[in-house]
Amino acid sequence: MVHRTIRVGGLTRVEGEGALLVRARDGRVNDLQLRIYEPPRFFEALLRGRAFTEPPDITARICGICPVAYQMSACQALESICGVTVDGPLRDLRLLLYYGEWIESHALHIYLLHAPDFLGYPSGIAMARDHRAVVERGLALKKAGNDLVAAVGGRAIHPVNVRLGGFHRLPDLRGLSERLEHALTLALETVDWVSGFDFPDVEHDYRFLALTHPDEYAILSGDLPGFPVDEWPLHITEEQVPHSTALHSRLDGRRGYLTGPLARYNLNFAKLSPRAREAASALGPVCLNPYKSIVVRAIETVHACDESLRILDRYKPPDAPTVPVEPRPGVGHGASEAPRGTLLHRYRIDDDGLIAEADIVPPTAQNQARIEDDLRVLVEPRLGLPVPELTALCERAIRNHDPCISCSAHFLELCLEQ
Amino acid sequence: MDVVLASLEPLIRALREGGHTVVGPTVRDGVIRFAELSSAADLPAGWRDEQEPGRYRLHASSGPAEVFGFAASPDSVKRYTHPPRSSLFRWIEDTAVETPVEAPRLALLGVRACDLAAIAVQDRVFLGGRHPDEAYRARREALFLIAVTCSTPGGTCFCASMGSGPRATTGFDVALTELADGFLAEPGTARGRDLLAALPHRPATEDDREAAERIESTAAARMGRRVDLDGIRERLVEQRESPLWDEIASRCLMCASCTMVCPTCFCVTTEDADDERFERWDSCFTLGFTELGGEPVRSSGGARYRQWLTHKFSTWVDQFGTYGCVGCGRCVTWCPAGIDLTEELRAVTEEAGTRDVTTQGTEASATVSTALERLR
Amino acid sequence: MKKLAVWKFASCDGCQLTLLDCEDELLTVAARIEIAHFAEASSVSSPGPYDLSLVEGSISTPEDRERIRHVRRISKHLVTIGACATAGGIQALRETPALLPVVYARPGYIATLDRATPVSAHVPVDFELRGCPIDKRQLLEVIAAFLAGRRPVIPTHSVCVECKARGNPCVLVAHGTPCLGPVTQAGCGALCPAFNRGCFGCFGPMETPNPAALKITVESPWYTERSESAG
């Protein structure tokens, strides 16, 4: 029986930092914990007692990588309480804003965080030394996404133009189509590029959670598998675990389900835009290999560019930038597809128009248990490997899921006991 | 030769066809402001503004749809003659390469007498000295100016007491006065005359001219505010030590909005971005602007307000031979704290004893502390 | 080559993402300064000391208090980036520990300080860059100034200066919309008023803020009437 404790400095190239604890005995993993030490920021509590109009601006600050997702889930939850639906051109503007965030976030992850794993570099910047043109293409794609967010929302991080009922001001969309045409070309090249990587031969039997919509590759609205959005608290429950400041989620009582690009792709493949489906023909409609999530992200980027172009084409400015929203007491739910997966919000508004309760379930918290399962499968047969090598493998496996640890986590360290 | 134009459409079309970008007042974002016009339909016919210290509102008028029934816009001509930010030069290798001046051919339609007076002040500032500003000159020379007589001065206007309005007498290519059935148009330059001659018109009659004069005198009598210029230069300088400066500062936000909207304020600073140097608007109200050797020279708000007001009504005359104020009232309307320069000027320069400074001070600080309490 | 480190405490990652959002400049910056520690972007970290540390996030746990002291020890220059690091940020709105039971069923697991505090409450800070998030032009200026050995040129005047330069009509004067622009430091380019909303102060107080004067304005009786065409 061997006992060993090894510490390896933080988990990197995820949006944040993290640690992993593995306890093994006689070649078997007894315990595996993805540790999350993000200093808690208490958003749900600090929202209480604030005006019902404030959550979009405040919850955006939960995550600087996907602020739009927070704004959209919050708006929809609150609007549902107030009996307001935002549709037509205003919904189109929301979609544009959201696609901008997808393009930006996916390009960031593909080029600067994930691809270096496949090509053997410690970072996108280091990769640029040998592959400058490739990294520049990634940055140009990312910039196109940021430009789209900034055009509709005012700025790329924490956009200021979003409000309940729509927007503060109708945006100026001139010039965006040309830029997105170019981005679409770059995104198609990205699919080709990442499809040529060497992928470990792994498949997992995932349980997926993602929005589905009758007409769209769902991003802004739809149903969850088997239940409508306003029933999510009945199906998704959170539990606190001692090793983490993030809460772990269960779906219908069972831990370990997956949300994010793989989930969307497998559930909604048929709804991809024509260009995206064409780009996906090599991968096919089913993808259970987490390493290939990089290809799925690239395909979703094509979809986002393609759909944005279609919206820009049909967009006619509405008469007003917003529909009026008056507070009503009640409870409401909102869900939308952040780049990393389904982001769930629930609020209660009291008689004075103030927030009485807020519940937010970010995608990374939902995926945490599933990431642990991926890691268990990875680590057990490789316990004999030298630790640095094992660490690198684990980090890679974690990065497959693009965990936005700021939604939940920070400063993890790898600790292997065997 | 003055004429009467039935509509402004042919005027706008002729200017556009002549290669000008026509810029004039239009309703945008709850204000009447300058923007490119594609036709006379873009003009704010039927809109009236209401201007008070710290307050501006637009209303659809119930009476006849006058096209120019409003007063000064938030933006002045300064935006075009002396833009908020412009590139000076760019480092290419080790040499600074001057940025070519952009001087688009603009026709400004609907500038007021106070705007023209402000351009005259700017001309002295930028072109008068030994180092004329060639960029200003280029932009200035590219302008075609179409003035309009103010029929409805704003609540904060005082051009009549500054002797700069309400009717333009010089400095324009064409001057319009809106009559019941058209626009009396007088040329001010040869090119203005040529333009008018080419437009459909009828000759002006004595009745038209009398109507225009009536509009002018009614407007002059309806100025929302006035200042007393008699001995103002000396009276201001004598009040250097007045305790009122600090009292004003207790109400002032030091946000610099007044100097930004002022059509004559010309202070700038430079800033660098990448390898390019820019000039941009600055203000005597910012701390950084008064910095010398890392320390602000005028660190108190009172000193900065004093500098501004004294410059406008006293030291500007020493420097440039005119007042630095044309009476457009913009700084009064657009001050978020509603500080009224005409009122402060009166208070500061009134003889000592006519306003009880100590009580004033206490009252003001009482309001301030109540406000602060409520803010907590 | 000088060494740059980027650190994260309690925050949303938005400010450090701003560095990666400098798409046109990132590779040039990386050629002029070694990005030696940036966990969000690179899995190698070369050891300190570092010439310039950019710190994001507020300090809200006992471990973080120790960690920021360590960062200070190994950094020649320490610049805080963003409202979290400079002023405590949005999480400073919380009042713990009273809030704790609301989010976490069993508060015993979580160790926090009573408040989310700015970095300067713990260690000396060489420069504070404002904004939630910071502005990327200003971030590039801070790095350029550091490389040139001079103080960054970051205006500290009000948002109104930028607002007027941008040509926005003042939302406070013209629409009666509450706006913190007159008491807030510039840097964003007067973004919110450009979108017809009032500034909510994400760049923190300007050089000589006079909130009392603003309060009086906001309380004046005509304040809430709206212009007919304000939209």
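For clarity, chains are labelled A, B and C in written order, and residue numbers in each chain start from 1.
By our rule, a contact is a pair of C-beta atoms (placed from the backbone, for glycine too) under 8 Å apart; a residue touches a chain by one contact, two chains touch by 3 or more.
Quantities reported herein were computed from a predicted structural model and do not represent experimental measurements.
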Worksheet item: Should the pattern of chain-chain touching be classed as line, ring, star, complete or other?
Response: line
Worksheet, complete the sentence: So the chain most remote from chain B by C-alpha centre is A
Item to complete: Express in whole angstrom the distance between the two chain centres, defined as the mean CA positions of chain A and chain B.
Response: 51
Response to the item:
The distance between the C-alpha centres of chain A and chain C, rounded to whole Å, is 24
Worksheet item: Whole-Å distance, chain B centre to chain C centre, using C-alpha means?
Response: 35
Response to the item:
Residue ranges of chain C touching at least 2 other chains are 196, 231
Response to the item:
Among chain A residues, those touching two or more other chains are none
Fill in: Residues on chain C engaged by chain A in the complex (per definition of touch)
8-15, 17-18, 20-21, 23-24, 26-27, 30, 35, 38-45, 57, 60-61, 63-64, 89-91, 93-94, 96, 99-100, 102-106, 109-110, 112, 116, 132-133, 188, 191-192, 194-197, 200, 202, 231
Item to complete: Note which residues of chain B are touching chain C in the complex, please.
Response: 27-31, 33, 47, 52, 54-60, 74-75, 79, 84-85, 250-257, 260-261, 271-274, 280-283, 285-288, 301, 333-338, 367-369, 371-372, 374-375
Practice prompt. Write out the stretch or stretches of chain A touching chain C in their complex.
Written response: 9-17, 37-46, 48, 57-58, 61-65, 67, 108, 112-113, 116, 122-126, 128, 132, 135-136, 139-140, 142-143, 146, 154-158, 160-161, 163, 167-169, 240, 242, 245, 247, 320-321, 392, 395, 404, 406, 410-411
Item to complete: Write out the stretch or stretches of chain C touching chain B in their complex.
Response: 137, 140-141, 153, 155-161, 163-170, 172-175, 179, 181-183, 196, 206-208, 210-217, 219-220, 222, 225-231
